[in-house]
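Next, two complexes with subunit A in common: one pairs it with subunit B, the other with subunit C.
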Partner chain A sequence: MEDKTKTLQREFLKVFEKLEVVLGWEPGYDSLHATPSFIRQAKDLNKLVWNPLCSQNLCTYLVKTLNASVRKDDKKIGICVKGCDSRSLVALIQEKFITRETFYIVGIPCEGTVDWRRLMRIEPSLKDVQKVDIQGNELEVETAQKTYRFPLQQVLEQRCLHCRYPNPIIYDCLIGEPITPHIGDDQAYGDIEKIEQYSLPDRLKFWEKELDRCIRCYACRNACPLCVCRDSCIAETRTPKWLSQRCDLKEKFFYHMIHAIHLAGRCTECGECERVCPMEIPVTLIKKKLNQIVKDLLDYEAGIDPQKQPPLLTFDPGEKGI
Partner chain B sequence: MVNSKEESTTKKDLLIVGFLCNWCSYGGADTAGVCRFNQPTDLRIIRIPCTGRMDPLFVVKALIYGADGVLVSGCHPKDCHYNEGNFYARRRLEVLKQFLPFMGIHTDRFRYSWVSSSEGRLWQQVVTEFSETIHGLGPNPGVHGESDAKAGMSFYT
Partner chain C sequence: MSEKIFIAQGELTAMLERLSKEMDVWVPVEMGDEKWGIRFLPYHEDTIVVLDRQSTISPKNVVFPQVETLLRFRYQKDDNDPSKQRIDLKDRQDVSSALVFGARPCDVRGFHTFDQVFLNGRYKDPYYEQRREKTLFATLLCDTKDSACFCSSVGSGPGDREGSDLWIVPVDDGYVIQALNDKGRKLIPIMGKQATTEQIEKAQRIQEQVTAKRIGEYDLTRSARDFTDRFEDMDYWRDMVSKCISCGICTFVCPTCYCFNITDESRDLEGERIRSWDSCMFYHYTLEASGHNPRPEKFERYRNRVGHKFSYFPDTYSGMISCCGCGRCIRSCPVSIDIRRVVHHLKEAVDAEV
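For the complex of A and B:
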């Protein structure tokens, strides 16, 4: 992985004078975290890293933070994308929030990113981590004292265990070789089926139990690359007043329905909502279910084809069966 | 709405929210009323300009906050007053209808239908059928404030 970091830095250095800013990852506040990095000067490029801790989806910043649709000069934005991130990028292009030409995209085929919470649960004593790397089916964690090995199934994020698009969909430059997905299309919705085995009242109970933990910090919304309403998010507006400040299950439940339904047919399953959830609520499942319905009903997957229009933003007069 | 007396005494009214498009179904309901067709009395009608105005979240909110059923009705596809509103609506509503059971809400608590303003008979039939379905399902258990949730429990572990 060291060399991928180097390649990444070199690729950006080659084109740096044409770029206004580079979005990548840098080492975070401790050795088990990477954090998003906005690089505006060539000398800072050596901060960039790529390793299995680089879990943030940088597309989140494009609309909300950088306002990437407005460019003063013809300089581009450089961005690193994993497979899932590239789908978000495509989805934003599809919805015309950004244009492809504005970006210099460095794609990185990704074998999965680490969920540090799962890692710490298995090995709570983990400290002084020096290097984290994926070797075959194992995660290798080197600390000052010893080298740990964990099966990937136990430490990767849930989204990565069900990842069908480890390779970037669009890119200007690819770092490393494309890799084959762990799972086939038929297993993609395995986690949803687990819930669908429950009876209807049990499903409600399940969601009541899960969503009751929600503290409405709105982290899932803030981290979502496709939540683009910014200041007019109806979860917070007073007019119209969809949600009150009251802290009860109905409000929590409804908040998550708002998030999910606004993402119906748009969600690219990057799993950021779930990754950032401080209460570890499996909120991605709700969006995945909607995606599955849209796939079955309207034969569409978000973030795959930049030319296609999301089906719920358009219509077909001749369509049958609905 | 015309009420049949024997029905209101035998069955307890449930709360059904109806979102009707101004141009067709609202007229259809009016026609049914003018023609004095018997209809169940559970329905509360909200007039919307077009089913294209129908945010699926209206339905969700009604169901979470205790409505026993939600009926959305508009012009027949290709007959929309605004040409295309109900084309958008049918996609959204169908997705919603299939999605509700995943969250534990019975799919039959929500229905969408297309009734034009001359179809008083059809309206009567739709309302009666839907009302019977909802009575069959009973009151909406809804999303409860109290649950046995324990902090720190996780779906995956």
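For the complex of A and C:
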């Protein structure tokens, strides 16, 4: 079977003259990191890679960096999406920030991406890594000296442990075969249920402890593909002043609630907010809880059907859910 | 009495306990259960100190808190003439002595940058000065470099003792600790027993071995001119940092980033004037009252960060780089931007790399 990285490069090369830019991943600063890549010349396509380190959701660039709704000519934007990333793309189409025709989408069925921090906890001395690959239920890490094997449950990102959509929802070209999800719909919110077993005071204590670490760097917001207010987030406006510059628990709590509420029924659970947090705060849980409520009340999940109208963008006088 | 003492691993907690009776002792601890990251927190009896890896966020907040109250104010109406009001101001603050235990040479070097700006210029910053004066650093010889570290590339190194008050060398199952100045010397009697000649010699050997290591392959100390030459090459900056998402991580985890905002936060008739960390990565950082923003694009803001550290700062402060090579901005970057690469290639375009 051909290496997926090679297939990926080849597929983009076939259509490159119709593309303005290709968004993919290339090797990062060390062998355990990948970094987003903006390819503008065909000769650079060989930089692209696909492996379980390609964690970034590239859809975050569409509205905030590329302004993808405005096209200079009829050239398209090429983009690589994992299952979760593709939901963000669909949600942006549903919300009319972008149009499907603007994109050449290469979809990659994904078995999960690696949380390097979890990996470091298990094997802090890991270096000179030459290859990282998923084989069955294990992550295989080849170094110059030996091959390590880690159970996926221990080294994948939290988002991947509860992933129901490993396969891209929309694509023009699919790399590899679709994957059977490891998680059934009934287990989708297993991570929230754990927190909900706590009593209310304990739950508050849990969130106070977690959110107190927040340094208000806004990485969770900026990495979020669906945070589309660009430079006008109310967390930073001075007029009116919703939040002060103080960095106490109240402000942090407020900020995260604002972020979550603005994503209610919109979040596509790509988990980028949590992955990028330098303080390792499980902020995706808050958004998932809201998603669960939206699912229960309105039977809706964001980013699944490009044709479907998001419930919070419409009004139904006969609404039965609420 | 010798200035070198030995603390066995098992006695570390008791020593910190003794020190914490004298002053606030900040130590590196894990972010939480099953988390990898480290941050500095004041020591208390249940604290588990983690010295085997660099902290995610530098201990700069001990001297330069993320939020600091500069003054408190309260308006009072004049009973006789309601059109007038009086303002009561309080600007006193009490700062206690602090010891940062287990900082790394790069963490301490970060304050060289701060000192230039807050102490050595035309004006002294009294808030910074007070905390700086009262904060001691017990610094750990650093032998745990990872792929993001580059302290030697910016003129420092893993054995750099400059700016520290106490110096810690891990030896066998403990630490040889040595005072580097009078401030540090005062703490030695509280800390522990004299080290044996054997332990001291061993520490010396380890010190020499680690000091000889070069961390980081490039020399980034002479990039000021290359930066100004490259300033208007928009293709370069787009190529290098289009992927920047413009969050504040790199500036907040950085030991040398010192930009701040000053705001009045009030409610009804009273409030505080606070100073809080700001970030040149934020859109609002350069937003002018007119609505014009000289750095509207993300890559322009990243360019500024590089320029400040490797060009403007050394131009202003006799060649000094305001980067300590700790690698935190690389390690914590959501999109893995590598500042070493961005600075290194200023001289020659990336295409020449291959």
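Everything that follows uses one rule, which is that the second predicted complex is superposed on the first by the 317 of 322 C-alpha atoms of A that agree within 3 Å, B and C clash if a C-alpha of one lies under 4 Å from a C-alpha of the other, contacts with A are read in each partner's own complex, and residues count from 1 in each chain.
Note that a contact is a pair of C-beta atoms (placed from the backbone, for glycine too) under 8 Å apart; a residue touches a chain by one contact, two chains touch by 3 or more.
Keep in mind that this is a model prediction, so the values were computed, not measured.
> For A:100, is the partner it touches subunit B (first), subunit C (second), both, or none of the two (neither)?
neither
> So, A:18: does it touch subunit B (first), subunit C (second), both, or neither?
neither
> Once chain A of both complexes is superposed, is A:207 in touch with subunit B (first), subunit C (second), both, or neither?
Touch status of A:207: first partner only.
> Just subunit B (first), just subunit C (second), both, or neither: which does A:312 touch?
Touch partner of A:312: subunit B, not subunit C.
> Just checking: does A:131 make contact with subunit B only, subunit C only, both, or neither of them? Give me first, second, both or neither.
Touch status of A:131: no partner.
> Report for A:264: first if it touches subunit B alone, second if subunit C alone, otherwise both or neither.
Touch partner of A:264: subunit B, not subunit C.
> With the two structures laid over each other on chain A, which partner does A:149 touch: subunit B (first), subunit C (second), both, or neither?
neither
> Tell me which partner A:10 touches in the superposition: subunit B (first), subunit C (second), both or neither.
Touch partners of A:10: none, neither subunit B nor subunit C.
> Just checking: does A:231 make contact with subunit B only, subunit C only, both, or neither of them? Give me first, second, both or neither.
second
> Which residues would you name on subunit A as touching subunit B in one complex and subunit C in the other?
Dual-contact residues (subunit A): 121, 209-210, 213, 248, 279-280.
> Enumerate the contact residues on subunit C facing subunit A in the complex.
Of all residues in subunit C, those touching subunit A are 31-32, 34-37, 39, 52-53, 56-57, 66-67, 146-148, 238-239, 242-243, 245-249, 252-253, 261, 263, 265, 274, 276, 279, 282-284, 298, 330, 332, 334-338, 340-341.
> For subunit A, which residues count as touching subunit B in their complex?
121, 158, 192, 195-196, 200-210, 212-213, 242, 248-250, 253-254, 257-258, 260-261, 264-265, 279-282, 285-286, 289-290, 293-294, 297-298, 311-312, 315-317, 322
> Which part of subunit A faces subunit C closely enough to touch in the complex?
The touching residues are 28-38, 56, 60-61, 64-65, 117-118, 120-121, 124, 127, 209-210, 213, 215-219, 221-223, 231, 236, 244-248, 272, 275-276, 278-280.
> Which bits of subunit B are touching subunit A when the two form their complex?
Residue positions touching the partner: 56-57, 60-61, 64-65, 77-78, 84, 87-88, 90-92, 94-96, 98-99, 101-106, 141-149, 151, 153-157.
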